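Following: one structure in structure tokens, then a few remarks.
Chains: A, B, C, D and E, in written order; residue numbering restarts at 1 for each.
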């Protein structure tokens, strides 16, 4: 009964948000539209973070790496080869997936804070490479003057904030829809099971590393696609767009949104990024203070949202002797307590 | 000593215990039995303060403790052997014992206090595992450690949630003997036990929980004289049927939707 | 009736100021805001005869926060001109917006390499100019090779390239092992001793460097305690400019630096400027504050010259026609090709000045600008 | 200036970086020690650790005047202030106390952001000057190389700190309680000890450690707008690399980072920007695979 | 007769402690084999070695005629070794049904077809039947983390059965179950197809004697005795060993 009400309410809110997003460019000014377009790109990265952190239980601070790969691939493509949006999108997603696939051996066996630090390192390394590979990336000052994108062959290039925003909205809605559908299949179930108890999943005969690699690459592709949206929205990218701040805020946004929920992550990440960008405009000099207070307040106001985190985030377990793989019998007790 | 009065408690999902009332006199053993999921552990946890009481009273030595924090309740002399052992996985056995020992807490009722040596004498298997961490112990050893941990806190009220689970039969018998002796020394015991005959063996009273309600609460003497109603309530007869003849392959193994 | 972005019939005009008011570059950002505000305060809050509605936004740590903040100024507040901006990367990020909204930027600090400068003006300098200005002096005064070291990011590359190119052209020799500048990871480097060991090993007779902010403090303090503390240190002026000098304390004594400004310059504009500054703030003004003050002066004259309807386009055109600008740093003018100042550079040395240390001008260097 | 050892005339450019790596590594260990305790041992993810360090740093900058008495005073005030901030943080952390790292991250990151900007607002955006006692200000000559005297202090401080931490954690009842609470806070409560008290104690101690490190480290990693981030990042790297709570591992990790940042940079200057993170990712990934099981025993 | 499962010379050492010291074990096809012994005898460790969760220092494990010593737990499960753990291990955020579905997935063989979700539907169907059998049907939609201890144990039994084992490893399946549930468990085990072999660790000897047709006794990591339930029941050696385990 209560469940049904909650589900209904959630559906209603989602529909309202979607409707609001569709009409937004006609009711708000250019600035807000531009801000929203940029935010959508970042929110899509947030979705990929949630896919890994919440659904699969592999917390990540490194989704900026495939995001950057997608963005730079798209920018280089855009300024040298093709200004067609769908081509850029596909190439960006591919670049993100390839980068994620390259890093799979690093992350797939690690868990908890360890992955967090490995992915942080990957993100930082990618930013360093971007800053130094000047012939392609324009160095730390970034790439400016990326030509405007046309969504499809034969259509005109985007000339207004509205057009850019609507393009981003369509792409994000499509990809998020695809993720939601995917999570309703076997794949979603198995990822959640892996998050809950990997050893048990193995004992049932599942190839856990395979699933996690798949999730990692899929998340990389999504982040890559988001990168191409950033290029469209901003027509400028620099390594600063993909720095640690961005990863940290995305992760926090995903936490606020409830970690395991893709819709929540989308909203949470979008909120955090939008609020930050907005604060830097309206409260010059006090944005970090206000943002910090807001984070603290969130923990108190949204205990349900932030407390839904489970799985590998429980204490990383007793330090087992390296020669004795954690006998599942002797796992910590914490997981039993809910 | 321990009295529970019209206690209601549960989880976010809903109320589990409905107006449970029990009265355990000092030095006596109250057994609680019931089907899986009846609410036995919930009752124990509520008394220990780990689950919040929604309404009702819990009194220990005449003091109302419902709503207090678990550590306060523990300080007032409640010891807990939880279901599933819950030993500290990173602490060695010796550290467990050191941590649990509260020699300064005077025992209110007779009998000498529990010391590390005395618990090791009772559970010699632990003595040879002193340097092992909780996560390295076998299931039964963990159970022993959980019992030792509770005893060393010098409790006045002992809550035992299936203390013999995973213990070998003779060790289980010894633990029951010990509990009996403790009660004789004046300790108040609440014992959750699945095997009815073992509960009746040592308890002074036995209560049956069904769907979170007390449906039976009598002295065991009565139950021993006429075990039928109690057994019926728990469907004990169904426990271990004789091995049947060849069975046809059941539908379980058919794989068609 | 639209009277154009930023200005209204009542004769007021909206100017957007974007600077780092939080984060790593907060010290510089604050100076930039205060410099601009000082000009307004000393000119009745008017530029070009119009009451100024100054909209301030926070640039944060770089482009990722600067771009949305600039978008707000340009698209929501619809300012007639943009000023400030600490980071070169932020400027690069903002330029697409400038072409889109056709608003000019009178920047007062960082300046990246840009293809199109038609709407971008800087009152500061190009990053390679300090090095170019001091190269001859170093060549003349140092007997031996010079070790070049700097932070590994665009600003560092430009600053050091300015020096090494000019230095090589006049026959100077670098002491660096491979003849190339050593770049230290930025901002990760907090410990410079391994680099000092290399400098020592190279047998350099002097060191040329560029750091700013926290890295400058670390570099100077560690330099003074290192085994190369007796090797003369030449630097772009930011190494010892403003607050960092205070943090460096005695460790900075004797360092030579090159900059386009020093508070002890002797001219009327500067005396007025420094006096006004000291009336409001502790300590002396920095080159950051000066550049922002000059940006206000540029806007003042350009808006005045833009006629009755100072649209952003008109202001932009007017800036291009300003000619000589009298400033506390001495007279300068915009280069027609780079839109940055053609100005004189000074050699300064950290010396005791009363109770505090200060950057004292010890000589004039070249006039630089393209 | 004093001569500790007669130098050889052969110039060895790697000697000083190697030594400096040790000193720098130990400084990093000292700076990280609060987080080692709080996160590594007690499993409370405290992203405000850098801010606690900065409190110590700013205290040092405000109180140090070049005399020994001021150093003692700054140490006392810095420790108290940071410990108090730790207790405050423990109070704030109550709703997310049950080992939920991401919520803890959210909360402590918020505190770090807000606290950091308050510190900068209070002390100004410029890096303040830190004056250590004159005897420590100079440099000494080791094996013919000049070396900052103050850095040698950390060899002593870190050794004392590591030993103390180890003993407290392994041998005292308080240390056992902290470790037990990580496994099962409810059962600790059932032993009659309040987990909230343990948490407050942990964060107070972590604050005190960070405050002390902030005061002592101020001359090297001085207070400034970026200090908190720098210290937090280095500390996190050290704690995780060190194997979360193992004191020997953490010390080793700190030394490794010190050497990477000095000797590594000296040996492979072109790879310098990548060294730290590449090494970290490689070590963690290898360890996650269990290929280097012996690493931990070292 | 050849063994379905044979463990040979299995040795597991933890430092100076030998949890298993050269243990041999043979379980035939369809055999109900019980493993008893005092606490800390090494029963769980042996199960872990067979399931692939613990690598022995020495010894080999053969299953269905193949050496599986080098395979991990997942690969062994796919070959038909399924288990329950001494401490019930379930996926706490998944519902009871989902738990069983996950366990069933690797071994469902739906008719070939491209229609998505076919395998999952087959698995779901079997999960429903299993939950019904174990009396958990009412709890099908409850997250496993919200189940009582005994219910979790039953759920894990359902999960192990869902994997369609050829060899079922049960570590104290009756511990913590109430009388009715023990009865149901016995029913379920007796209803297993004859071809399924069971290796049962249990301290309740009444169950052991009722269910098994071979018993091995472990003590201190070594096989003390092996035989039919009747032989074991009457062996004074075994009695003494079990009693000695206490002293």
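Criterion: contacts are C-beta pairs under 8 Å (C-beta built on N, C-alpha and C of every residue); 3 or more make two chains touch, one makes a residue touch a chain.
Model, not experiment: these values are computed from the prediction.
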Count of contact steps on the shortest path from subunit D to subunit E: 2
Contact distance in steps, from subunit B to subunit D: 1
Centroid comparison with subunit E (C-alpha atoms), farthest chain: C
Mean-CA-position distance for subunit E and subunit C (Å): 74
Euclidean distance of C-alpha centroids - subunit C vs subunit D, Å: 35
Averaged-CA centre spacing for the pair subunit E and subunit A, given as whole angstrom: 41
Whole-Å separation of chain centres (CA-atom averages), subunit B against subunit C: 75
Multi-partner residues of subunit B (at least 2 other chains): 84-86, 89-90, 134, 136-137, 139
Subunit E residues counted as touching two or more neighbouring chains: 14, 44-45, 86-87, 146
Sequence positions of subunit C contacting 2 or more other chains: 22-23, 26, 152, 185
Complex contacts: residues of subunit D adjacent to subunit B: 173, 176-177, 179-180, 182-184, 186-195
Subunit A partner contacts - residues on subunit D that touch it in the complex: 43, 45, 92, 95-96, 99-103, 105-107, 109-118, 121, 182-184, 186-187, 236-237, 240-241, 243-244, 246, 273-274, 277-278, 280-281, 284-285, 287-290, 293-294, 296
Subunit E contact footprint on subunit A (complex, rising order): 185-186, 189-190, 192-193, 195-197, 199-208, 260, 310-311, 321, 323-325, 327-331, 335-336, 338
Subunit A to subunit D touching residues, read off their complex: 53, 59, 105-107, 109-114, 116-118, 120-122, 124-125, 128, 132, 248, 251-252, 255-256, 259, 286, 288-289, 291-300, 303, 306-307, 309, 313-316, 318-319, 322-323, 332-334, 337
Interfacial residue positions of subunit C with respect to subunit A in the complex: 21-23, 26, 56-65, 67-69, 71-76, 88-89, 92-93, 95-96, 112-116, 152-155, 157, 185
